[in-house]
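Next come the structures, one after another.
Heads up, the next two complexes both have subunit A, just with different partners, subunit B and then subunit C.
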Partner chain A sequence: MSAVLEHTASLLESAPETPAAFPAWFAERQRAAWQRFLETPAPKRGDEAWRFSSIKQLDFASFTREAASTTIDLVRRSTALESPAAKFVFANDELLHSESNLPAGVVCLPLAEALVSHGDLVRAHFMKQDTRLGSAKWTALHEANLRNGLFVHVPANVEVEGTIEVFHWLAGENTAIFPHTLVVTGANSKVRVVDYFQSAGDEEPGLCIAVNDLIAGEGSKLDYLAVQAFNEQTKVIQVNETGVAKDASATGFILNTGAAWARNESLSRLEGEGSRSDMLSVSVPAREQEYDQRTFQHHVSPGAYSDLLYKNSLYDKSRTIFSGLIFVDEGAHRTDAYQTCRNLFMSEDAEANSMPGLEINADDVKCSHGSTSSQIPDEEIFYLRARGIDSVRARQLIARGFSVEVIERLGDDKVEEMILRFLDDKFAHIAGGGA
Partner chain B sequence: MSLVITDLHATLEDGTEILKGVSLEIPAGEVHAIMGPNGSGKSTLSKVVAGHESYVVTGGSVTLDGVDVLEMDIDERSRAGIFLAFQYPHEVPGVSNANFIRAALQARLPKGEELDAVAYYKDLYTKMDLLEMDRKFTARAVNEGFSGGEKKRNEILQMMMLDPKYCILDETDSGLDIDALKIVAKGVNAMRSPDRGILMITHYQRLLDYIAPDHVHVMAAGKIVRSGGPELALELEEKGYDFLKEDALASA
Partner chain C sequence: MSYDASSTLDLETREAIDIDRSKGDFSFPERHKYDAGRGLTEKTVHYISDVKDDPEWVREFRLKALKVFQDKPMPTHWATKDLDNIDFDIIRYYLSDGEKPKRSWDEVPPEVLETFERLGIPEQERAFLAGVEAQYDSEASYSNMKEELTKLGVIFVNSTEGLKEHEEIFRPWFGKVIPTGDNKFSALNSAVFSGGSFIYIPKGVKLKQPLQAYFRINSENFGQFERTLIIADEGAEVMYMEGCTAPKFETSTLHSAVVELVALKGAKIQYVTVQNWSSNVFNLVTKRGLAMEDAEVRWIDCNIGSRLTMKYPGVIMKGERARGEVISIALANTGQHQDTGAKMIHAANNTTSNVVSKSISVGEGRSTYRGQVHIPKHLKGCKNNTECDALLINSHSRTDTYPAITVKGNQHATQHEASVSQVSEDMLFYMQQRGLSEGQAMSLAVNGFINDLVREFPMEYSVELKRLIDLEMEGSVG
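For the complex of A and B:
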């Protein structure tokens, strides 16, 4: 097979080849994952995990793997936070740039490198859990095609100040990427990682199937943020797998401003007493964008806390789906679990589907779940306009404020400002403020 | 230079007439008070002048220094120099007070021109100090969790920052204890100027003890029924609004 043919072949047609440098166990995992991908039936209409979803979005036959052609500009464009603790830039899963200023003992490497240098450590944590929220076929495809991403291991008692930033660029037409982020925190350590998902161009359709494993060790603090700002021709599946040990705290935050269609699956397992998981999301879909979010708060251990807050501001003819479940295992007594999804309609043509859920198999639990949908009250608009702010800007300020209530839970001014910049960039690209 | 309201008629969307021919002139440099019983249309008058969309103007005119106000959108009226201090200011979750006022000032600048942030905060802090507002109010969401008095002070702060030509204060004294009332009055008095007209709507004489009006009007059943000097407010305080009934009898 010539190189040209190889590049134009659909990624669904033949098994990807594991790079020769990768360890044998990983090659075997990739081979098995491809097999699993082939054997797992595609989601179909009527599947509970895909209720209200646009199944037609799952046709990925036109996508292929490709190396990015022009890349220099992408490193320059990879700027978000001032002086990050470390920064990695990938284009189509190839490393373009890395810099790092991390405390001794922290392993923070491109996954392709970590597989070679820290194979056992990666193996101990890599994709240990089954995909439970519907995308098992696509996480198998991810695993089979995986070439790179980030591996972070923070040893016990080490606190990383600042933020580790990872830029994932999609470049070229009909290109698929499979970025992976694996973060492991030792006891009483601390780290924050941000993945930025962006397109090199405004027009080229792309596909991103991203998976992350976040493993928060005892008493540690692990913050993970995903900023999804792809162009509006791109499709995304992003699966978040989080395990939180005793007294540890994990925060997962997702910002959706880009993509034609994005599916987020986020699962948090509360594995020890005193563990805490904050699951946060802000989405601002416009035009015909569609965001499909599925969540699972799994209380395995007694005495754990989880709090989910997802907010959507829906413009134009956009659509969102939220399906969340709080699941309290037998024996997980003294569980505190909360789940809220709020939708703010900025247009009468938008559609939000919310399916909050609760299953409790223990005693003495405090759980609540709910979803609300509303429009901006006329009196609130009047108040802002009576101060001279025009109606487009007034609605924008209110929608921004609606999102700010989630963003300020991140608890870091610089990070919050950075997220707001992405948000403001989206608002600047909404015609007429959706009025 | 004045805000002139001439034979203004306005109805609710269902056709109920609330304003039945209000005429009033507030020249720059003067402070006017409108008093009157509940349901007389005082608050409606303020909202109609500000452009509230729940009311339909069926007749009359409002002009600001000779310019037709009724032709303007709500936000245009504000930028043209009309300020309404709300009786019940709305909460705006997630929008900080500082960003809110900044957005209102930014809206007054030509396109492409950015507000000078340093000068803005300096000005804001000076005015907050005058109103004895803690600096923490800059970061708090607009009116969210504010007490009644804090909300009213916040209205006066916005008024001071936006520097309007004509101010309409709707029941600014309601829900204020005496200390808060004095602070609010201090802010309003600081705004008195030969270039600015002020209209205070109030149910009680109490506010007028601290902000002395040049003219007092009495509104009842959608009309101004009496106008006079400051002594009219004292007379109302003494006799109540019962005279309105007598007037109604007399004119019948």
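For the complex of A and C:
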């Protein structure tokens, strides 16, 4: 790194260069993606996919791509679970550290490496689907700028015990990162991957446009968790694509505690009989944080199950948007699909927007959605006070319990504890400890 | 359970669910003295203004609205592309025989009279109603109200008479609840409106019997654009009912009404619609009520007919403790799209709103619920409850739900629930075990699904509804 301050160009100004080591097909994909980015119109007011959104957040002109200048303590700070199955640490999309203790046959590599060593395998699964929930322009920008991330391929009948952890650090002022996670599970295999998104410092504005592609093969179990805990100057777009084959089960979980503005787009495609998708999220926005979540439960195959539970606890002047759609294709009979979004208001100035939608084109279905918004009922506070718990503590307990209901569905004690630590850290940074 | 698995069963089910539209399916030769011709230009608007002898402010209002209509794009970015099939250039925007509305049925021209006789209007009036207005194409052909109501100061006239004879009450509220630019079709209506009712209920007057209006399209390619404004003064109460039919023409017909309700302090307005347009009518209607302090506006809405209905009755709760309600039943058969919903805008403390919507999709029918609930900042104690349930009868039936709920602040409570289901096989099996045919069992199940809402309709309309859904369904499988 040069110590001289140079004028660095906005990432929107010129096409990024594909590193020479990457295969030709990938360079071509990146070139095409940049073209698509330029040609795709930016979202504008009145677009259904951006209803209630703060379109003004989509001005990314001030961000640049830069290597992190100080990375000394980032590896040390990258601890969440005890003895993970594998661990990768990236700062501004550059690999700082990796360790792995995985069963033979499992491919788990930084994407930059996998592109070279397992090019065909990556190519077979890399960003196969169109972005449908509004951020097509930004996933094109992601694809054009992509340098690194994680590629996981679990062969048939291999079960990975424990959790693969990936830390994505964002360092430096007005820096943009484009982390990518691609997880493919073979028949009857099992794996869990956690992405942690954090900032090196508390003050520097950053931009993260992340994409994760999850492809769950027949009878496999794929769990993916994203912990978004950036500093409150950072903007985030996270786009998830999940395909679930026959008898497979995929769980996607997002924790939002950080960022100034975060947009999550999650799409699950139920592609086979007996497939199951659990879409879960906990968000605790405070101050002026804004979380904008869009989801899509696409029942392509008959006899599939999907269940979505998103919970928001809104503090201060925060704002949330939830727009979900259960879409049942013609012929996708015996569909079971559920969608629930609950908003807990902890402040007079917060705002929640919910758009829970259904589009059903088959008749033999069980679908329902529910959305509620309310504050903590006085009776619940009264009940706890009657048992000697003061009202501040009572509110803290109830607010925490509200989120715990989602976290408990992750089905792993260690992982749940880890998520709760991030959650409690957030409550500690809210006036009154989250009361 | 899919009924397509067995073709005989499918046919039976179809028959079971089908309703008799033949009652409204007849037409008389046209004998119009005034015809604005096809297509819509400034000339059309001037023609209408000339024929109706509009005051200057109305003519200006129309011309301005025409511009808004022409500038606004079709809302196809969220609504169905079927809207693009409306050909505004072949529609006839104004047709009338140039006669004034009659006060007695004896004076009404025979074919108009026969039309309404066949639809059962006069009997109903004699039996029950406080007043009736019947619109035939663009203008009211009959209008009457019980004499004692006139003495109480109740006004029940068509909109043309309202804006001329009662400008001082009409004008301050006209276009205030639904501004011209609210949407493309409210702008269209504002440009070419004709007919519809103007009602004023003076302070403290509570009508025990409902007022009724009947809308009839008799001419092919005709667009009906009635405009209704109802003002209930402080403490007044009124129930208004409208029904509508049209014969089935070869080409599609457009109905685009604007209905504005104003419930002043403590007033109550109930607005009941049974919409049974023939299945090639585009029914694109904007309906909204304004509820002041302690006032209540209820929309009770039943959509059975039309090719495409887009209608989202709304209530703006502007005064403290105001209440808004939408009760909605929709039945979408093959070739029909019932795109209905509700809009609840909370604009004062302690306002409450309730939306209950039930839809049934039959054959390839499609029903859609769109809802909007808005609770802004710095209000306290607002509550909304929304329930929407959809029943799917056949494997190609379709239903969509798109609610949007915005809540700001923690002093409120909202809940939204929706479910989609089909008639359960167990239920049908149980009833067949007890000797009912599959068709009877199906119609019983469908009736059970909407029964609690049907009860919300006033007696004579729940009779009509029963006739349309219940009796016809059972009768057709015998």
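In the analysis below, the second predicted complex is superposed on the first by the 420 of 435 C-alpha atoms of A that agree within 3 Å, B and C clash if a C-alpha of one lies under 4 Å from a C-alpha of the other, contacts with A are read in each partner's own complex, and residues count from 1 in each chain.
Criterion: contacts are C-beta pairs under 8 Å (C-beta built on N, C-alpha and C of every residue); 3 or more make two chains touch, one makes a residue touch a chain.
What you see is a predicted model; the values in this text were computed from it and never measured.
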_For A:G357, using the defined touch cut-off, is the partner it touches subunit B, subunit C, both, or neither? Pick first, second, both or neither._
second
_Contact breadth on subunit A, by residue count: subunit C or subunit B_ = C
_Going by the contact rule set out at the top, does A:D73 touch subunit B (first), subunit C (second), both, or neither?_
neither
*Touching partner for A:E99 - first (subunit B), second (subunit C), both, neither*: neither
*Check whether A:S371 is in contact with subunit B, with subunit C, with both or with neither, and answer first, second, both or neither.*
second
*asked:* I'd like to know which partner A:E28 touches here: subunit B for first, subunit C for second, both or neither.
replied: neither
*Is A:E288 touching the first partner subunit B, the second partner subunit C, both, or neither of them?*
neither
*asked:* Touch test for A:E405: subunit B only (first), subunit C only (second), both, or neither?
replied: first
*Looking at the overlay, what does A:E417 touch: subunit B (first), subunit C (second), both, or neither?*
neither
*Which of the residues in subunit A end up touching subunit B in this complex?*
377-380, 382-391, 393-394, 397-398, 400-405, 408
*Any idea which subunit B residues touch subunit A in the complex?*
50-54, 73-75, 77-79, 84, 86, 89-95, 99-101, 103-104, 107-108, 141, 158, 162
_Taking the touch rule as given, give the residues of subunit A at its contact with subunit C in the complex, in rising order._
46-48, 51-52, 330-331, 333, 343, 345-375
*Interfacial residue positions of subunit C with respect to subunit A in the complex*: 1-3, 77-78, 377-378, 390, 392-422
